[in-house]
């Protein structure tokens, strides 16, 4: 894989991690309110899949979507400002953490009703076919969402009509506190796609290179008109479900297992870069970002200095985003009514 | 240039006209295509526009309504047919949490030119699960608009307007009305989609109704005329928004309000009408506003009982009479 | 198989056919109103499965349930009176054609919201496990119901918790006017059960002996605590979806295919019994009931005279049911309020 | 024998007591078991009663609510927890078409001792899809009963009564109330489940409220007292049925009615309150009944805007003042 791509992947993941950890800090400062679902641990999924997408593809996500938006190209400023509920936010402060939308970048929204993103993605794909365009719709959802009726109905329609959707299951093994074996009759989630005649594959969601490759392959099929594809990305969230969840339901041995999954050496090597901080790393356990940094250095794609430089960049970017958010004005009630009614334009109602 | 036709035919014409004019218009639902639609509204469209624009769906109301939402976000004009209101309960999330909220949540970035057509109301002995009037559950959802045509002409106009609008709109079609006849002018300009209309002018009381009950109210008014009670009949045509000015003007003139609704009385559509018009016309009212409404009970299958659970013309006449001559009625009541 | 069982199966199917054809006639006379979904053509499914059930098992059905009720032992009188909406009906005239309930016989109802019967069956099964009883819940639904979210959610829970449910798909190949290939991404319906880790089998739903055997086997597993089972019964409805459906969407060749499925000789042989009438037979095409009669005679289980006698019995029974229904009084509004409120008993509300 | 505890603790005690007393009582929902419940209501029960009686479910609201319906038909007493009202939209069919209708459709053959516990209302910046007040969609469903406890004591009493009842009951718990404190007497007899209560006696106007707004109304009444406006506060405690006698008695005494509701104004719960009390107390009313309610808009995420969309104490005070001194206020308005 060419150097640029690798750099982009590493940069995106570092940005994601830095952004999310900062969001957590801002939440503690009460600059961010409501629910805040963070992505640390899962960065390879969004980075791999979305980097494999074309600008003309569509992305539909969940309430855990900040990183999807960032990687799709939404400026960190607009994502942070949305978390702060300000006018400068990507949804004008109306949507917040769970509802980021960016029409221009075909980022079709974060949705907070589990499973709901699936029929919406199918609808966009239906329009794509009617317009006969070589575009794909990428639909992200979690392991828990697969038990929702909407998931079933959406996949049946996608399979039945050969719609251009790439279904990406971010299997972090938990639906809040419920482990996958306790919520799914068939824990090998990718196997469930067979019920809809949708080709499916399970991949290591902690390995961004594998995700990028599998995502690219799947998207080619989808755009070529071969019908929907299904990717199960096995991953793990290092934090609780949301800021209000301590995550105490997860056995320590599980974290250990994920450590085995990842060469300690890389972690140490990374420690020398002082990123993530020893405490952070201890807290989060394995770190696939560390792995990629390590890999790139070993493969001669990057020198430590470069990696360090990227880290400084993203740190600055996030710093700037926070400042922008703080300076961004509060929206007015007029803006809210405007957002609700703008589609009426000149229409005379009564 | 007006033509006499059935209510379903008027809807069919409106669909055809919209699909002919704009390729972004398409319809989907159970048996809307090959079968031609349970109530024939999409008859002939499958042959004319093909399966992608007239899509037969699996039995997945929540899913295909959500499909409509997604398509609308990218500029399509989906007309989702939910076979009957009874199944719309399975699509509530797509309608309430998605269609009605995406415009605001996205800061106004996306259009939502979604139309959801839903036959409903009490037909003939379809029993509890198929005898629903759920207009009220959509009324409390800001962001949605609800049209309730009572005539072929309004059906033609309002479906056309709903498809042309970029807001999500629910079109409630009463199952009993599909085979009612009326003149439809296809060139005349339509009144605004949500404006109420005075079906019969009168001075003694205002009867507010909508959809099928608007027809019953007019029959009742004719009866009342024989007793020299001059009722004004307001057909709301829309349940969200409601044209308060037309209603208030009438009540301020007649000083009496009678609401007629087929849905269950408790917390039904009429509650909002009474509440708002009392707030607006309190000083003008000379008698407590009344409701003639459905009983608060699931609909029994038995035909006699079914009829007993919804307003009939004599019920409306009696209520109007009582409202206009409270004293007299009270007397008789005591006498009897 | 012993003689008695065969007799019972034939008798049940003849009763079902006679009852339904008479219901159609009464509908024309406007003694029955609303929707009326008839079962001719599918009798082998209900007869086979329900005859394999114990009295302690539960049955949950759809709006096409008259025959399930009859075979479960609800007197024809009460079924017909319910169709007439009279007090003597099994639901007191409150439910009608689509909502027959018989608590005593554990006939847990006909439901008119497609797919809805599945979660209800799962709930009964959940209670059975909590009470640790060797009972099975039989859940009937159609091919079209499998695309409903409720189906998916129910089967996942049944598979996940190993609940005692026998899912019986009456695959008559149509959801009203939509043929199975046009509504299901995987038309081999039984294969979809694998997504829930539920053992599934497809059987010839036109052959009552096969259905009876498969049903018995599956029910043994279910009662033994092996978890849910799934039976796809391939069948066909000879009439339209309901009385208001001419069924014009079905190609004539399809009926022919079903004729091939059935030895003409049997039909002719049956014709000699003058049942069904030549017109009826011509109208309905193949007839699995004829097949069983034929089979029993050939196998020496029955003589024509006996078969003829059964036919006379069921004719009388249906005749009597209609008379009973006509004589049964109309329910009062008080009875309706009573039905709604009886669960309150002495409870003080306000 | 009374103890001070939090609202969620009172619910937790009621659950524990009911489960201890009757093995047919069980609860199910997302994360009610191992996790202990999103709002801690089922804390400790999983360890005490095991996974079959405290069942963690997949994310399948429609399905597991339907499971509750089936279990109730065979005599169990399921307490379904839908994590929040926002997801109850996915269970509408199980609640409306099944739970509420089976008793009538079956001719009264089956009990339906189903309790559906649903946290809801506007908490703190949860945005449009998690800021719903849908009480109104259940009110128009005959066959359902709805309890809306505003205090730990009522939470304890009404959950216990709901579990004991053989009717399907929705218990709406306001997310902001879970961490409010109050005395709970666990031996005293409870008032009937649906009886309203006068939280504060007064003579100048009647403020009708429920759930969280009942607390706001009491704060407002305290404010008003300083201005010598003596408000009577009626806490409905139940939205179906509604205790009309308690309400009407109060309105007939004060001659003024102010409804306070957090849900959207248009066709909200308050519409029925105004409509019915106007029908009943028309002659006694000296001013048009008013509503202080949520704005008809999906809830924006921004905190300032969120607060602006729902009733605050000063809004209630101002509305009460206006209702009691229309003349004066009008004057000021004109002056200003």
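A, B, C and D are the chain letters, set down in written order, and residue numbers restart from 1 in every chain.
In this text, a contact is a pair of C-beta atoms (placed from the backbone, for glycine too) under 8 Å apart; a residue touches a chain by one contact, two chains touch by 3 or more.
What you are looking at is a predicted structure, and each value in this text was computed from that prediction instead of being measured.
A.B. asks: Which pair, B-C or A-B, has more C-beta contacts?
C.D. replies: Spelling it out, more C-beta pairs touch across A-B than across the other pair.
A.B. asks: Can you name the chain that lies farthest from subunit B, using the mean of each chain's Cα atoms as its centre?
C.D. replies: Taking each chain's C-alpha mean as its centre, the farthest from subunit B is A.
A.B. asks: Quick one: subunit B and subunit D, Cα centre-to-centre, how many Å?
C.D. replies: Roughly 29 Å separates the two chain centres.
A.B. asks: So the centre of each chain is just the mean of its C-alpha atoms; given that, what is the distance between subunit A and subunit D in Å?
C.D. replies: Chain centres of subunit A and subunit D, defined by C-alpha means, are spaced 37 Å apart.
A.B. asks: Measuring from the mean C-alpha position of subunit A to the mean C-alpha position of subunit B, what distance in angstrom results?
C.D. replies: Distance between chain centres, rounded to whole Å: 42 Å.
A.B. asks: Using the touch rule from the top of the page, what residues of subunit B touch 2 or more other chains?
C.D. replies: If we look for residues of subunit B contacting two or more partner chains, we find 57-58, 60, 62-63, 86, 90, 93, 97, 104-105, 127-129, 142-143, 297-298, 300.
A.B. asks: Could you check subunit C for residues that touch two or more other chains and list them?
C.D. replies: Subunit C, residues with two or more chain partners: 91, 93-95, 99, 111, 113, 147-150, 152-153, 156-157, 160, 182-184, 336, 339-340.
A.B. asks: Can you tell me which positions in subunit C touch subunit D when the two form their complex?
C.D. replies: Within the complex, subunit C contacts subunit D at residues 58, 60, 89-95, 99, 101-103, 108-109, 111, 113, 116, 118-130, 149-150, 152-154, 156-157, 160, 335-336, 338-340, 342-345, 347-350.
A.B. asks: Can you check the complex and tell me which residues of subunit D touch subunit A?
C.D. replies: 30-31, 34-35, 38, 56-60, 62-63, 86-87, 90, 124-130, 297-298, 300-305, 308
A.B. asks: Can you tell me which positions in subunit B touch subunit A when the two form their complex?
C.D. replies: Residues in contact with subunit A: 26, 52-53, 57-58, 60, 62-76, 78, 93-94, 97-98, 102-113, 142-143, 145, 165-167, 192-195, 238, 241, 243, 245.
A.B. asks: Of all residues in subunit C, which touch subunit B in the complex?
C.D. replies: 33-35, 85-86, 91, 93-99, 111-115, 144-145, 147-150, 175-178, 182-184, 249, 330-333, 336-337, 339-340
A.B. asks: Where on subunit B is subunit D touching in the complex?
C.D. replies: Spelled out, the residues of subunit B in touch with subunit D are 62, 86, 89-90, 92-93, 96-97, 100-101, 104-105, 127-129, 134, 136-137, 139-143, 240, 263-264, 266-272, 274-276, 278-280, 282-283, 285, 287-291, 295-298, 300.
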